[in-house]
Amino acid sequence: MLLIRLIDGLNEVVGRVVSWVAVLFAGLIIYDVVLRYVFNAPTLWAFDLTKHLFGFYFILLGGYALRHQAHVRVDLVTGALKPTPRRIVELLGYPLFFFPFAWVFVTQSYTFALRSWNQGETTYSAMQMPVYPVKIAMAVAAVLLLMQGVSEFLKLLLNKSEENRNVG
Amino acid sequence: QESWTMTTVWPASLELIEIDRKFVELANALTAGELSIELFDGGTLVPAGEVFGAVESGTVQAGADWPGYWAGRNTAFSPLSTHASLFNAVDYVNWIQQWGGADLYNEVYGQFGMVYLPYGVTNNESGFRTKKAIRNTEDLQGMRLRLSGLEQGRLLTQLGGSQVSMAGGEIYQALERGVIDGAEFSTPNVDWSGGFQQVTSHWATPGWHQSSSVFGVMINKASWDALSAETQQKLRIAADATMLWSLSFTEKRANDAYQQFKDAGIEITRMDDETLAKIQELANTTIETTACENPLSAKVYLSQVAYLNDYANWRDASAPFNLGRTPVGPSMDKLAECAK
Amino acid sequence: MSGEMIALIMAGILMVGLFMGHPLAFVLGGTAVLGAVIAGKTQILGIVINRIFGDVLDNYVLIAIPLFVLMARFLSDSGVTDRMFEALRLLLARVTGGLGIAVVVISILLAATTGIIGASITVMGVMALKPMLQYGYSKRLSTGLIAASGCLGILIPPSIMLILMSSNSGLSVGELFAGAMVPGILLGLLYGLYVAAIAFFRPDLAPAVKTEERIGRAALARMLVVEAMPPLILIFGILGTMLAGIATATEASAVGALLALLIVIFRGRFELATFRSALYETARTSAMILFIVVGATAFTGVFNITGGLRATQNLMRALDMEPWMLITVMMLIVFVLGMFLDWTGIVLLSFPIFLPVVQEMGINQLWFVVLMAVVLQTSFLTPPFGYALFYMRAIAPKDVKISDIILGVLPFIGLIVAMALTIAAFPDLVTWLPDTLYRSK
């Protein structure tokens, strides 16, 4: 199904690109430690920037992790079920839990980001760094997660789930 | 009968929450039958930094704060909460109640759909806790100090120190291991409960970075408007009563803690007058610079400096029985220029 | 509807979702939304976003999670840790349960470098599970041991839990760190003893090194220097940057990732493809852990605001009994809450009630808080809601069932309870070190 392939492809690309942000904030932390310890001249911006990069990093990875079924689940009961009833139970989880949460996540983080953008919110340290980019990223991440949920739901519905999911 | 959910930026353990509890206790007693406020400790509903957003969006009806936390949304919140080397606690009370300050709180918070009742003041914060004495700017050179605030950071840099930012929970260990050379945290009693006497040997007073502080409650405008004029008046009375209580309560606690630090063998030094005069001069410039980046911030500072100048005659005439000092503050003309 | 009712309903929905096999993060988040809807308070859903942003995105210390996972990935994907455990196993060939004991010792060392739950368990899981299974240790013993010793990371300082406990009590971080040190190390040693006992009585569960596998002294010495030293140098490198005041605990995790990469490069095992896949794996594992935190913070917020907080607090306040009985009941409450809530919720919920009572009774607050920290170790291990169970499940191979992990941790829960009783009987185990360090102040 084209929709499934599109969504999976999108989150795959986002995930692979965002994975590299870890290198950025690791490097930034070490850079700041060296400047502070060796040169006695810490930056005024590394702390805030590192924190923001971390925010971008993990929140945007939610959909990617779902695409790879990396989100941990307890299969104590479902593991003992036959494939079809098990698929039905797993399918039900989405309208009961995933979609209500993802919907609140999308709508609430949208107004959250919009407010920050309208206020031009910044951090209040010596470097006034804008806060809205990371809040906007949160809203974008919410949409990516919701989309991936749709894809996973369709896969279950059409019985197209990959077998290499992280369950046992 | 209305019922409000209120939260605060202070966790149950931080003594500042006592001011919020006092206000809620008085408010509930005065407004019995009309309004009941349920106060949730900091962190139980939303994290400290999100109390503003929760009140603004109406998720909770009221939130207790220290206005400076919101300076990233508008720098005008900064002078509403504290000063680098300007007001003392009595100045804030005077200015808020008789020199038009209360209106400015509502002007700034009003931009975010909130009404504000200032109801707490604490006087001077401790100052820096370090492993060596700071008596003058010479001693400050090259020191890596944990300090919060935009104006404060700019000022420290001009004085020759380095501002280090770190998570609140990491300060203690960072001091112990020497990642930083010193830190400012809060008032003496709060510092004491944080155990700073265990990892530092010196204490440099006064707390020029935060000469005094204001606390209060943000109320969602729609929730406020839903109250009768009478109930609103009762909340204002509760706020005023709490304000007076907070002044003497926190000064008593700070004084007790000072003695505790002394008994623990901490060497307490005061920065010399020459250095403080120099800091005042730099602080004035910093205030003028930051104020001029935001007309609303300039407007607040202008009103505050106008109060200082207006009050100066009588304050100085009544010396030595006067309430605090008359600082040589920032230039009114400059602030007036930027407030346009 | 009453707060008690909502609290029970939310707990019920949580259990149902958990057993439906839906991803835990979204079961928690979804239960939060359903709870608000059932309470008729959809206007409070804003706090879900406030909490996700403030508690997770804007939380500097959590950076340690991806950084430690990255470090473990570098070491494990390049085979460095497999060879380290092989060397240690051969070194301890004559010690019963040698490999298991090596895992415990390394866990204790790692525990001293990080204080973030999720980081320590995942790191140990990624590095140690494969070798343990490979050398014939049973699934239950391997997962149980790694999960339990991974949890030591938040008992042995530094520890985010102790920092939160300090900021919610009158105790300083230093006193708490010092107070938890001895019980933490003793608990680790207790785990080691348990493994040795199992290896002795049930060698089928923890096989010894076969005689023909043993190697000569010279070969062993060479293996130790080449294979076992570098990862240990890494751990001491991280510790060193912290102790020397070069970096904070969070910053030290970045140093750890860098040192791990350097080790891989110097061992000539660096490949771009492995590096890239380590980044991808780290991304998925970190998102898995952090989204559970996202779900948990959403759940806790709604639980608190809809009345669950007050209901639980009222229940606790109703306690009125003899001091020793009261302490016992308090610890039982912590234990039971630990089955359903995460530790942050438990600390915020119970401290404002327990601590004033404890103070009034003249009980040493430091001892009480450390005792609670030890009991809270069980909260990571007790089903149905235990972080360590979930993290182990996520990184273990497919043929390891969650039931294996749950059965595996049960003996260790027993050991934690035994340790708590020991501390209760000998309070000096807690108070001796802080008294020695900070007596004058």
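We call the chains A, B and C, going by the order they appear; numbering starts again at 1 in every chain.
Going forward, contacts are C-beta pairs under 8 Å (C-beta built on N, C-alpha and C of every residue); 3 or more make two chains touch, one makes a residue touch a chain.
Computed from a prediction, not measured in an experiment: that's the story for all the values here.
**Q** Mind having a look at which chain is the central one, using mean CA positions?
**A** The most central chain here turns out to be C.
**Q** State the pair with the higher C-beta contact count; candidates are A-B and A-C.
**A** A-C
**Q** Please tell me the distance, in whole Å, between the geometric centres of chain A and chain B computed from their C-alpha atoms.
**A** 37
**Q** Between chain A and chain C, what is the gap in Å from one C-alpha centre to the other?
**A** Averaging C-alpha atoms per chain gives centres 23 Å apart.
**Q** Find every residue in chain B that makes contact with two or more other chains and list them.
**A** 53, 57, 166, 179
**Q** If I count partner chains per residue in chain A, which residues reach a count of at least 2?
**A** Residues 47, 112.
**Q** Please output the residue numbers of chain C that touch at least 2 other chains, ranges allowed.
**A** Counting only residues that touch two or more other chains, chain C contributes 45-46, 50, 53, 58, 60, 246-247, 250.
**Q** Okay, in this complex, where on chain C does chain A touch?
**A** Going through chain C, the ones touching chain A are 17-27, 29-34, 37, 45-46, 48-50, 52-53, 56-60, 62-63, 66-67, 70, 241, 246-247, 250-251, 254-255, 257-258, 279-280, 282-288, 290-292, 294-295, 298, 384, 390-391, 393-394, 396-403, 406.
**Q** Within the complex, which stretch of chain C touches chain B?
**A** Against chain B, the touching part of chain C is residues 43-47, 50-51, 53-55, 58, 60-61, 158, 160, 163-164, 166-175, 177, 242-250, 301, 304-305, 309, 348-349, 351-352, 438, 440-441.
**Q** Going by the contact rule set out above, which residues of chain B touch chain A in the complex?
**A** 53, 56-57, 68-69, 71-75, 78, 112, 142, 144, 148-150, 153-154, 157, 162-166, 179
**Q** Using the touch definition from the top, list the residues of chain A that touch chain B in their complex.
**A** Those residues of chain A that touch chain B are 36, 40-42, 44, 47-48, 111-112, 115, 119, 121-126, 128, 131.
**Q** Quick one: in the complex, what on chain A touches chain C?
**A** 15-16, 18-20, 22-23, 25-26, 29-30, 32-33, 37, 47, 50-51, 54-55, 57-59, 61-62, 64-66, 68, 70-79, 86, 89-90, 92-94, 96-98, 100-105, 108-109, 112, 134-135, 138, 166-168
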